[in-house]
Structure formats: C-alpha cells, structure tokens
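What follows is a structure written as structure tokens; I'll ask about it next.
Labels run A, B, C, D and E following the written order; every chain starts at residue 1.
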Amino acid sequence: MGRYVIGRIGAAAATLFAASIVIFSFIHLIPGDPVSVMLGDAATPEQVAALRERMGLDEPIWVQYLVWAGNALQGDLGRSIFFETPVTQVIADGAETSILLALITMIWIVLFGIPVGILAAIRQGTWIDQGLSGLAMLLASVPTFWVGLYLILIFAAGLGWFPSSGYPSIFEGGGLANLQYLLLPSIALAAPNAALILRLTRASMLDVSREDFVRTARAKGIRPSRVVLRHILRNALLAVVSAFGFTFAALISEAVVTETVFALPGIGRTVVQSILRRDYPVIQGVILVTVCLYLVINLLVDLSYRLLDPRVEL
Amino acid sequence: MLGYLRVWTRPVVSRPLAALAGLFLIVVLCCALFAPWIAPYPPDQIDPVNRLLPPDAAHLFGTDHYGRDTFSRAVYGARLALLIGVGVVSFALASGVPIGILSALYPMLGRVLMRMVDVLMSFPSLLLALGLIVILGQGVLNAILAIGLIYLTTTARIVYGVALRLRSEPYVEAARSMGAGTLWIVRRHILPNMVSPLLVQASFVFAFAQLGAAALDFLGLGAPPEIPSWGNMLAEERIYITRASWLLLWPGLMIVLTAFSLNVMGDVLRDRMDPRFREMMGK
Amino acid sequence: MSDPILEIRDLRKTYRIKRGGAWREIHAIDGVSLTVRRGETLGIVGESGCGKSTLGRAILRLTEPDGGQLVHEGSDLLSLGRRGLAAARLKIRMVFQDPYASLNPRRSVGDSVAELGDIHGLFRSRRERAERVGEALDRVGLGARFAASFPHELSGGQRQRVGLARAILPEPDLIIADEPVSALDVSIQAQVLNLLAELKSRLDLTLIFISHDLGVVASISDRVAVLYMGRVAEIAPADDLFEAPLHPYTRLLLSAIPRPDPSQRITGAVDLGEPPRRLETTLGCPFRDRCEHATARCHDETPPLREIAAGRHVACHHARLGPEW
Amino acid sequence: MLSVTDLTVSAGPRTSPIGIVRGVSLGVDQGEILCLVGESGCGKSMTSLALMGLLPPGARVSGGSVELDGHDITHLAPHRRVRAGRGKLAMVFQEPMTSLNPVTRIGWQIEEAVRVHDPDANPTDRARELLEMVRIPDAANQLSAYPHELSGGMRQRVMIAIALACRPRVLIADEPTTALDVTIQRQVLGIIRELCDDLDMGVIFITHDLGVVAQIADRVAVMYAGRLVETGAVAPLFRAPLHPYTERLMACLPDPAARSKGFATIPGSAPRPGEIPDGCAFAPRCPRAQDVCRGGEVPVVRPEGGRRALCHFPLAEGETA
Amino acid sequence: QTLRYATIGEPPSLDIQMGTATLATTIAQHMFETLYAFDGEGVPQPFLATGGEVSEDGLTVKITLREGVMFHDGDEMTAEDVAASLLRWSEFGARAGILGLESAEATGDHEVTLTLSEPNGAWQSILAHPNGGPVIYPADIVSEAEGEPISPENYVGTGPYVFGELRPNRYVELTRFDDYTPLDAPADGEAGGREALFETLQFIPVPDVGTRMSGVQAGDYDYAEYISGDLYGLVAEDPAIQVKISEAPIFGLMFTNSEEGPLSDNIPLREAVLAALDMEQALQVSVGEPELYAVDGAFFPEGSVWHTEAGTEPYNQGDPEKARQMAEEAGYDGTPLKLLVSTNYREHFDQATVFARQLGEAGIETEMVVVDWATLLTLRGQPSEWDLFMTHHGAMPDPVLFTVVNESYPGWWQTDERDAAMAALTETSDLDERVAAWADLQTLIWEQVPTIKVGDVYSFDIASPNLQTPWEDAPAFPHFWGASTN
C-alpha cells in the first residue's frame, strides 16, 4: 500500500509536469495581453510595449516557463498581474468559498441524489420511478444561471429569507452563520449534479440487485430493507464513489456560472476573470492547483476503493 | 421489415413519456430543417420600436430587446442547437473513439494516450473551453470544438473501458485465432458492439453540449450572438428576467425539453440495445 | 504410429500479476512437452486452473508463450512473422468453450462462419461464399438456412455446431477444442461429440480435446495428457490411463468421477485435499502436498516426465507399473 | 414435510403468459435427498426459486400451492419462508464465485443469518461451528476471509454454511457443484449427504448430472419442458426407467467402454417455453410416440414402489425407447 | 458604518496614474488626490495646490502647495513628493505626454516648478483629472515603483480614506484616515473640503447586473453601479430604491482605421458609412429607456462649456439610399468591412449589431469580428485586423484629454488638418479661444470621420433609500466622502 501510494505520487508528479507545460503553452497562445487590459483604453501601444518589457513578458516563453516552474517548485506561484498580490493568496482566498460551496453542494447531492436514486431503483418501473427519473433529467437540463437567478429573485429579493449574493468569510466575523450565503448557490449548483448522482445510484443499484449474492442475502431470511441497505447499497456505492470524487473536484474548479450569478469569491470565477484579463500567473496557478486537486482526488478515490472493496489490491 | 420496425417503435410507444419525447424531437428537427418556412419573421429583423413586447398574436413568444421576434428566433435556434449538438457529438466520438480503442488495443500507446486524456481531464473543463475559444476566436465552430474537447476525454475513457472488455471477449479472441488483423477486429467486432454505450453517451453529450454552449454564452464567449441559439437567447436576455420573463421562458424551455427528450430517448435506445430488455420485449 | 503434426517442446507461459503491490508470477504452463500425432485425438485433462486453456491458446499464440518451441510442419510457430502466423492459423483452428460468448451477437451465423474466409480473402464471389458457408453448416448438421440467423436465436447445441462449422471452413489440419461441450447438456453434448468424431474421420483431422470431464475425454480420445499445475503429470493411451492410472493425481481424479451407478453411493464426507494456491517456486513435485506417498525427494526435486512403458509417460518419482505401489 | 402441488410458474405478459413450470407436484421427507434432473432450461431453477419466493422479475407463481409442515407458504415473502418458525427453507445457489457478497467478510455473512435464526447463540461461535460442519480447514481464521480469498470449493461450502445457519428443515440446492472440480465436487456431495443424515433435513438437489444423481439421491424427479415426467426411488429408476425421456437421457451418458460406437443422442431439441406442443412435450423427439401423444391429457402411470410417470406408453423393464 | 458598493467587476491596479479604468478611479480617488479638482461646474480649482502661475511664454508653471497635508504613512507632503509623482506620471502614466511636461522641480518646501515643452492652456484640467491622472504619491514609493504599477501594500496617498485590504473577488476595503486634514472650503463637486463619514468603504464585485439589483433590493448592498437601462422602468418608481442617473454621459464610439484597409484613405467611404447609421435605433436597442440616452453628435454634453453642435450635421442620417450612392461614388468594391467588437460590453455589441444591419441595408458589407475585450485591445493595435471597432468613452473635462484626437490611439488619425486644429486648441489658455478651437476640431471630426459617436448614454446607478450622497446625479466617478446613511 505504501509503495502503491509512492508509485502513484510519482506518476502524479509526471502528470503534473506534463500538465504544467501544457498550461504554460496554452496560456501563452491566448491572444491579448495583461498589460493592455491593465493600462486601459487610453494607453498607447508604446506604453503597453514598455510595460510589457518591464514586467518580463517579452522574454522567450521557455525562459518564462523555467522561471515560473522554478518558483512554483518552491511554492511561489508568482504575483497576480491584476491584483498585485501573490497568486497563492488569490487562490487561498477563493479556496474557502469554493471548498465550502462544494461541500455544501455535496451534502445536497448526497441527501437528495442517493436516497432518491435508491427509491427509484426499489420502485423500478413504477410511476414513482418514472417521475423521479423524469425530475432528475429535468434538473440536469436546466441551465444553472437560470436556476440561480430565479432563486435570488424568489428567496432573496422577494421573500428575503437568504442573502442575495456574496460571501463573507466565516473566519472574519459572522462565523458559521455566514454559511447561509452559500445556501442558494449550493442548491443551484447541486441541481444538475444531484440529478447525475441520482441516475448513477439508480443504475448501479439496479445492476447490483441483479447480482447473485443479493439472491443469497434474500435467501438468508433477513428483512428486505436490510438487503437493500447492507448488501445492495454498499456495493452500488462503489460505482458512485468515483463519481463523487470527480464531482467534488469539478465543483471546486468549475462552479464559474454559479459564482458569477451569486457574486461568490470562488476559484472558478477567479480563473475565468483571469483569463478574460490575461492574468497569466493566476491562471497558471489555479490550473496547477486544480490539476493537483484532481490528482489527489484520483488517488483518494482509488484508495477508498481499497477500503470499500477488499478485492482491490494495491 | 415491419417486424424490424416494431422492435424499434415498441420501446418508444410502450412508454408515453418516450413517445412525447420522440415527438418533441421531431418537432425540433422540423424547426431546424424548415425554419425559414415556419418562422414568421427573419430571426435578425430588428424593430426597436416594438422591443420587449409580451407574447401576442403577432409575436407568439414576444420580442426581445432588439425587437426581434422571439418565436422566429427560437425556431431558428433549433438549427444552432442541432448544429452544436451534432457537432459536439461528432467531434467527441470521432476523436474519443479512436483514442479509446487504440489505447485498449495497444497497451503501451494506451498508457501514454490515457495519461494525456488524464491531463486534459484534470483541467477545469469549462476553463479549457473558455481558453480555447479565446485562442481560436468566437464562433460556432470553435464553440463546438471547445465543448467537444471536454467530452473527448469522457468519451475516450468510456470507449477505453468498453474496448478493454471487448478486447478479451471470446469472439474477438476467436477472430484473432483465425488470423484477423487489428483493423478487422475493430471494424467487425469492437465497433458494432460499442454502439449502445456510445449511443447513451452521445445522447448525454448532445444534451450537455447545449448547456455548455449556454454557459459559454453566459460568460460572453459562445457563438456570435447574431446567430440565434437558445443558450444565447437565454444568456443575452437574462437581465430581463423580471422585466420580460417570457424572453427567458421560451428558450429555456426549449433547452430543457430538448435535453430532457434526448435523455429519455437515450434511455430508450440503451434499453433497446440491452439484451435483457430485448428478452423482455420478446424476440 | 503416424508422424507428429505438432511438437510442443518445453513450452512456458508465466503470467505476472500484481498482488499486494508486488508482482507475482504465475507459472500457468511450466515446461510442457507434448507430441501431437497426425490423425489422433489427444485429450487434455486436469482440474480447473491447471493451464489447459493457456496451453491451447499458446499454440495459436493467442497468448504469447515465454519460452519453448512449437514445431508445426517443420517450422517453429513461435518464430513466425505476421504473415506466417496468419497462414498457420489457416491450418490450426480453435473451438471455444462457450459457444455463445465466442459468437459475436451482432453478426449473423453466416458471417461468423465465413469470417476466416473473409479475413483471408478466400472467396471469389458472394455466391461462392454463400455456397461454402452452406456446405459447412450442412456438414455440422445445421443446414444452410441457419446462415441468416443470429446467435441468440439458436439453442446451445446449435451454437456449438456453428462454432464447429466455422472451425472447418476451410478445412484445417488441426483443431484445438477447448472444453467444447462443458456448457452443454448431456444429450446435446452427445450430439456434438458424435459430430466431432464424424468430422474427424471424414476430414482426416487431428484433434486436441481439452476438457475437465474425464468421462467425455475417455470416450473420445486416443491418448490423454493429464496436467497438474501447469505441468504434464501423465500421458498415456486412453485405455491404459483409465485402466491403470500411474500418477497419484490421475488416480484421485478417476476416483472422484461420479458414475451413473446407484450402487456406488456416497455415504459421507471425504477429504481429498485442497488444490494448492499457485506457487512461485517451481521446484519439487507440485502434487506433493496432497499426495500420501510424498517423500523428501518430492519436495526437493522436480520429477521429470519419464517413459515407464511404451507410450506411457509419468512425472512422479514413485510411479511404477503394477497394481499397487 | 415439504409438499408441492400443481405448481405453475409463468412469465411474460399476463394476457398471454408463457408457462415455464407447468403443474409440478413433489414432496420431500426428513432426511431424504430428492434430486431434480432434466436438461438445461427445463424449469428446474424456476421451480426451486418459486419455492423460495425468489422468482426473478417477470416470472410469477400462477397456480398451485407449496406447503411446509402443513402450512401454506405459497405467497409468503421470501424472508418469512426462511424464518417461518425457526428456519424452514434455505437455498444454496449454483454460482459459488458470485453468490457471496464480495465486500464483506464471510464470517459477517454467516453471522447475519445466525442473528436472525439463532438470536440466542453467540454469532461468532455459531459461525465457526458451521464452518467446521462444512469441513473448512482452520475455520476460526477463515471467518475473517473475504470471498475472493477462497477457492471455489471453499466458497461453495461457505454457501452451504450460510444456508445451514438458517436451520432449515428443507435445503434446496440448485446445481451446487456444476462449477466445481470433480475432486471438490466429491467433497461437497459428501458433506451434503452427511448433513442430511445428521440433521435430518430434507434436501432438494438440482442437477443435470446423472452421475451425481446416482451417487447422492434417495429419490429422483425428472423434468422435461416444465413438467415432471417421472419420479421414483433412485435405484429402480436407474435400473428401469419408465419414461422414454429418462431412458434416452441415461443412454446419452458417455461410456468409455463403448468409445468406437459413438454416443447415443436424442434427436431434435427440447422445446422452449411458449413453444411447447400440446399433449406430451417429448412426443416430437420420442421414438415411441403415436398420435395420442400429440394432443390431450397425458395419463399418469403409477406402478408400485411410489413411482410415477407421465406417459402413454411407459417402458417395461429392460426395454429401450 | 460601512458603505457596501456593488461594482461591475474587480478593479485593476489602484495606481491610477497608470490606468484609466473607471472603477479603479472611482475607488482610488478616495485615497489619492490631485493638485487641482473640478468643482460642481467642471472648473478646476486648487486642491492639494493652493495656486499656480504660468510664465509669460507659457512654458513654466509654478505651483504652490497646501501645507500640512499628511500622507497615510504619517509624513507630510512635500514638493519633492509632488515633483516625483508628476515626473513618473508624465513618463510612464496612462496619459503620459499629454501635458508635455519636460521637468518638475521642487523649488521650495511647498513650491514646484513645471517646465513644459509647449504652452498648454489645459494644464489645470489635466492636473485635476484623476482618471489616469497625476495623483500624488510619496516620493520614495514613486521611485521604487518607477514604471511598474505600485503594489497594494504601497498604496499611500493623502485622501480621506486609507487603503485597507484587497481581497481578490471579495472586496476592496478602504478605511477612514483619521489624520486627514480637509481643505478648509465648502464642498463643491470634487473640490472643497472632504469629510469621511463612513468608517469603511467596501467595493464588492458583483458581476451579474440582475444580482446587483436584487442585492440592493435585498439590502445586501448600499449602492450598485451600472444598472442596465432596460431595468430603469422597474426601479424608477420603486420607493425602496434611489435611482442615481449619471450626470456625465458615456458615449459609444466606432473608430475607423486610418492606417490600413478600405477606409484608410477613403474619407468619402467613411462618410457613406456615417450616412447609413441611424443612432436612434442603436440607442433604443442598447439602452432602451428614452430618458437615459440622447441622440447628440456633440462630443461634450449640454451644460458643459465645451458643448457645441458645430459640424454635427452628418450625424444620425440613417439614410441607406444616400449611403449606398455615396459608397458607390467612393468606389466601394463590396469588400466586407471588419467590425471588431467584444461581448464583454453588451452595449458595444448591441450597437455593432444594429450598425451591421444598417450598413447591410446600404449595401456596405460588414464582417463582425467578435472577441473578448482583452483580445480586442490587442487586435485593435494591429491595423490589418480591423476596419471599424467599437468602444466607449466617458465625458472628459477638457478636449485634450479626449483620446480621439490622440494620434497614437488605434485608428491613427493623422492629418494636417488635425495637427492644425490641435495646435489651436493647446496654444492658448484662453477659454473662449480654446472653445472655438474645439468647435473647429469637432467639425473636422465629423468631416474626416476618424470615429463615429453613437450617442450619449446616461447610465444609472441605484442606492438604498437610506444612503445620503453629497451629489444628486451620479458623477462620472461617484465619491463617498460626505456620504452617510440615516
């Protein structure tokens, strides 16, 4: 196991290296440059060129890469061109929101997707199943911003139950009460993902319930509910676990639309805005971190398989 | 022949939901094909005096902030929806399938290719799309390419899994024992047996491509908005959510219903391909 | 008897699997030498996992052996290039265990039967193709009309016949049948076995018949090889082997065959030992842990396959001819 | 003890059901092993699953009754049949490789059944005891093994242990040894025989291997196309089958002595459910069939000795079809 | 007491010498101050300065400074600081060169002497305009930063608010500067005494306009900028919301390429393009509410001293037939004109879409090149990539600040007539003469069409009803000294 983990970390490092090169070349292919965005509409080309030179943006790409990679290895991701602050700080600032949002969203997904998926599987073929599956598909096909805008209109501007937007950190006054800011966004974000998990749960429940060992369990004389929970579900969740991991990773880095609608200071929005402003260090840093996140989650998913499924040998 | 047709129509007809979904998709297809005849106005006819009109007899779905007829735009929108959907699906399949199959058949190559897919997958997907669009410039084709790239990875992974399983199927082995080459095995054995998971994946990708395009539009980077697309209409008119909510309702409904119908049809197709289901329906 | 059609010399295949983070080796075939004579039926028996299928597959290089030689018509199959291999595969054919799984569910019976011809471009016209397919289907007793059916429309016996039909179009020299009847009912099994015997005599085939059902093997084979843990334990003409098994493992196997005779009823549990896990070491007699005669020598020294009597080979330090040990 | 009367199982739409099991009647006594034989697809598994109430979706009991110790259990939920009183029915399935839950330890899986049926016993002790009963070496340690760590034969014995944990009066074993080696098969058969005798259980043993039947059965029931065509004690049935199908089946057994002559076969193939002809289902393949066989009710013949066959023209002793 | 201001996005660097982003100026003007400041009438008044004198030849300006002005770091502002700030600005700043500053020297503790390369009548206005303008930093910070933007920890100014914290995506926070020494004069526009009533100012990015509006309604923000014109009807009557229409209009501009392509040497074709455009339609589509736009070809709004209708006849003809004819006469060969536009500003896009259609009706083909704003900024610097591009500018206090007339601005309008008109504008500091010069220049613009003004758009902001601001209509850069809640 230890050796396995070390091996995996080695492979991850290779992936990371490849990814960092891809990131770097990818980003520098994007036309436009941060300096003209920074200097604004009135700046003349000479001014732009001068500032580019002063900021080292006219060096050959590979030189820039080496400098960046060298610093990144020491944990220094550079400074944001736009914010003038260290990229690590920019990421750390977004991370709180993104992680909490993803966590709360995962709670919704688990609370809604899994039980409803189980229900649909148990009642397979009945109108309950059809209705629930239909609902899931519906949720999966509504654009997030639509849901988000309506949630704000109804629950924030209309009823005033929840704050409309923004998110003050829970560490800076307000405490856990600030989580209410994430309630509406997490619902908007959870809708399509819960639908996916629901469908996955249902499908794998059905798959597992056709397995021979379920018949064995039923022949033991234990209650049907126990068969479902202890035998079918436990095995069915194996298939859902990896979806969980990757949904979580995606929720952290890809909640751009939700973050935009709800004005949340999350990573997704940071990086999209950074692309629009060509804030290279931030884009590179965030992608690097999300790639790491993906690799870590990948590893965790595989390790959790080891815990959940004794057949998996590491 | 009739019997063959029945095999296809039966799973649809036996579920009212599926029948409705099928019907809706046919309507969408008709809209796309015959848009100029169905739409009462050109989709880009600007009429600022009559902007933001609520639905009435002259403008079934009302007018948008240019005074363009929302109904006509929704009808034309079907074209772009299909274009994006079909485009993304074709791209994802055309690139994901060979990658997946090659990786499964040649493990050495597979290790490299799947690593690369991993790298791609580890990038935030919307971001990848966004970056590509910025690099390539905005446009329908580029949006298709960008979204297609996201689904290339998932498709390649699925195909890889299936191909890995099919590769060790006894009938593939049997073909190999007769001296069949790789091309033969892929063409005659692997591809045909991949059809049903691919169909489900395709219907899923089709639906999500619409949402992806809508999200790109939302961020202002989708198709050039003078070509109407539903996602675009939705994103463009989203500030009218309170003032003229019908502007969002119709395109939103179209996206939802199309995605929904496709999902339903995807399910039907999968069931149709599932031998267990075939057994149940009788031979 | 007649000349050898295939000589297997010290064939080895080691699978490397990952267990507990470490690579472990499974010697699926651990130095098998066999001679297959033209026109004979060679039965290969042994318990599940002893390497029977691996041996069959290795002959056709469906799994690439790690070492040894496979001499077929004067050339070593293992050193053939792609072309040579394809040509050899025209001569040596395999019939698979599971008739359903080895037919592509999406291709018609006719397509499956014609596959070999299609791959090698043997048919000059569609007419010819249809004719040849019909002929092959006729030969196995199905009839040309089955060409349009799909595998799921056939019964188990019919599927197995399709499997045979595709193995005889065009006519091969050697058929390797890997448990061709184990998925079938007794009555259908009998049909298929009859068919095999008949084809064999009509087409002058050599047959390697792999099975774990000793009853079946006994009734169809000229010679039988018993495999244990990837090694040949015993080879003998079928009659001799069933009458007077030499290897203790062969004896065990024979004693466990259920005979359809109500007078030999089971009265209680017996302990026949557990088949060992795959060992990493190849030293010593693989059967020693279950063998009542095992001595220190069996632990230290691998018993070679030695000829005890004419045509009878056994790999046991203690085996000798005679009624008792 | 267990008696089944006229059991009918059908599948397909309710408007045009397909009969899979068509009026099967049988009974098992204490300490008796009843072997149910017949070729693949004739409805053996369906019969046993109907007894347990575990029919797959799509199939249902559409007639007849199942009684256990005089109580009608035809429509009880499966877990109630197993629990009725203190464990009445239990089942061992064919596939030892897939019939155990792969993610839990086998000890846990046995204890789960023990807790239901032996609430007073210490589950771990009882589980160990059961493993010893099915002769698993080093039982105490094996409790913490996962199924994939065991060989096929051991898994099958664990399956039997689980069934025994239900303290069944009747054990149903559906082809429990087809996936096993002959040597292991021999061991498992021995264990079943021994348990049957020691615990005074009734056993319904399903197989299509006549060799196994001969070795283990007290009584035999032969099925063909969803019907019982013949029942009787094992020795007379093997010596002198009444039904032509039974006789033909036995003739198909490979006989090493008669190698050169080839194998006897039954021409044609068994009908699929839904395509079963009227009258005697075997008639199209039967060399003795006459016009009466092809329609109408088939008479039951009951010679002495508790034997019973469904045939117009039963065989006399020594006669071949 | 915190003011929560919902912004359209994050501000770029608050070093506003270096950039011209509106949002950065809005925020940074609370920290950094200029030597002069515009009063309510738009007339520059001494602010950090107490006055200035121009030499006879107009090449030397001697400025005296207010005493006792404290920087946030506790040091007093000296002539050294002012000289260093002005020099850095004129060398590296966003509007470098506009003043023609040759040198700035501290000629006393509280006196700076500026040397200009040419006389510049607009020097007070230039010194008063904070947007990309010469705000005053401490000398050591200036010398450290040189041409690079000052980093946030070095944001030190003289204003009533101190830089607090910049949390990317969350907010920029400014806190009250307790040692602030206000100018002893009544507040008048930006001039006069400034008083920080709010403890803190928080500028929170809320990119979605619907959310900005809902947020004010829900009480999450006190002030939200840049609400779409079409939402005006919804909030105008709402007693729960104060509407702050901007007093300074923004106007869309479509620049023409004078360097390369079909429009470069072909002024008649440009005139044809202009003739085809109906600005009313474009404004209706992009703004909606008639109260919020004005169809006006004058570059300075009514009420400004610079307002003149001189030469605006070609504006807003919307005559496709005439345009077609003019295009034909200009020898237009049907080559599509590349219209570069970004989607990041909805108005640009809406207007471009309308124009493309109107041009199409006049037989002038266009090809819309839709890119994101950052790409547009780069592409427009490459003459071969475009023929027309869309942008917008805010009202300027003085024509010289106006980029249209800057010959290095993309479009590269460089004609002898322009040079002459520009010289007339900067030669003198006499207001009347300068206004007349500007009228000529505006006429020239409508004749040579280096750019096409779309029309004035009065964007509007909204505020919670409790917010009291010292101004009624929103200035170009809303400021919150003197603002409070009740």
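Heads up, the rule we're going with is that a contact is a pair of C-beta atoms (placed from the backbone, for glycine too) under 8 Å apart; a residue touches a chain by one contact, two chains touch by 3 or more.
All values reported here derive from a predicted model rather than from experimental measurement.
Colleague: Look at all chain centres (mean of CA atoms) and spot the one farthest from the centre of chain D.
Modeller: For chain D, the chain whose C-alpha mean is farthest off is E.
Colleague: If you tally contacting C-beta pairs, which pair wins, A-E or A-B?
Modeller: Most contacts of the two pairs: A-E.
Colleague: Can you give the whole-Å distance between the Cα centres of chain B and chain E?
Modeller: The separation of the two C-alpha centroids amounts to 45 Å.
Colleague: Can you work out the whole-Å distance between the CA centroids of chain C and chain E?
Modeller: 88
Colleague: Just the number, please: Cα centre separation of chain C and chain D in whole Å.
Modeller: 31
Colleague: Measuring centre to centre with CA averages, how many angstrom lie between chain A and chain D?
Modeller: 53
Colleague: Among all residues of chain B, which ones touch two or more of the remaining chains?
Modeller: 134, 238, 241-242
Colleague: Which chain E residues reach two or more other chains?
Modeller: In chain E, residues 210, 344, 371-372, 374-375 touch at least two other chains, as defined above.
Colleague: What residues in chain D touch two or more of the other chains?
Modeller: If we look for residues of chain D contacting two or more partner chains, we find none.
Colleague: Show me the residue ranges of chain D that touch chain A in the complex, using the header's touch definition.
Modeller: 52, 54, 77-83, 87, 90-91, 93, 95, 98-104, 112-113, 116-117, 146, 148, 159, 162-163, 165-166
Colleague: Sort out for me which residues of chain C touch chain B in the complex.
Modeller: 57, 60, 62, 85-87, 89-90, 93-94, 96-98, 101-107, 112, 115-116, 119-120, 152-153, 166
Colleague: Within their complex, state which residues of chain E touch chain B.
Modeller: Result: residues 209-210, 228, 230-231, 233-234, 280-281, 284-285, 288, 343-344, 349-350, 353-354, 356-357, 368-372, 374-375 of chain E touch chain B.
Colleague: If you look only at chain B, which of its residues touch chain E in the complex?
Modeller: Its residues touching chain E are 44, 46, 48-49, 51-52, 65-67, 134, 137-139, 220-221, 224-226, 238-243.
Colleague: How about chain E: which of its residues touch chain A in the complex?
Modeller: Contact set of chain E toward chain A: 6, 9-10, 12-13, 18-21, 92, 94-96, 132, 146-152, 166-170, 204-208, 210-211, 213-215, 217-220, 344, 371-379, 381, 391, 393, 403, 406, 408-410.
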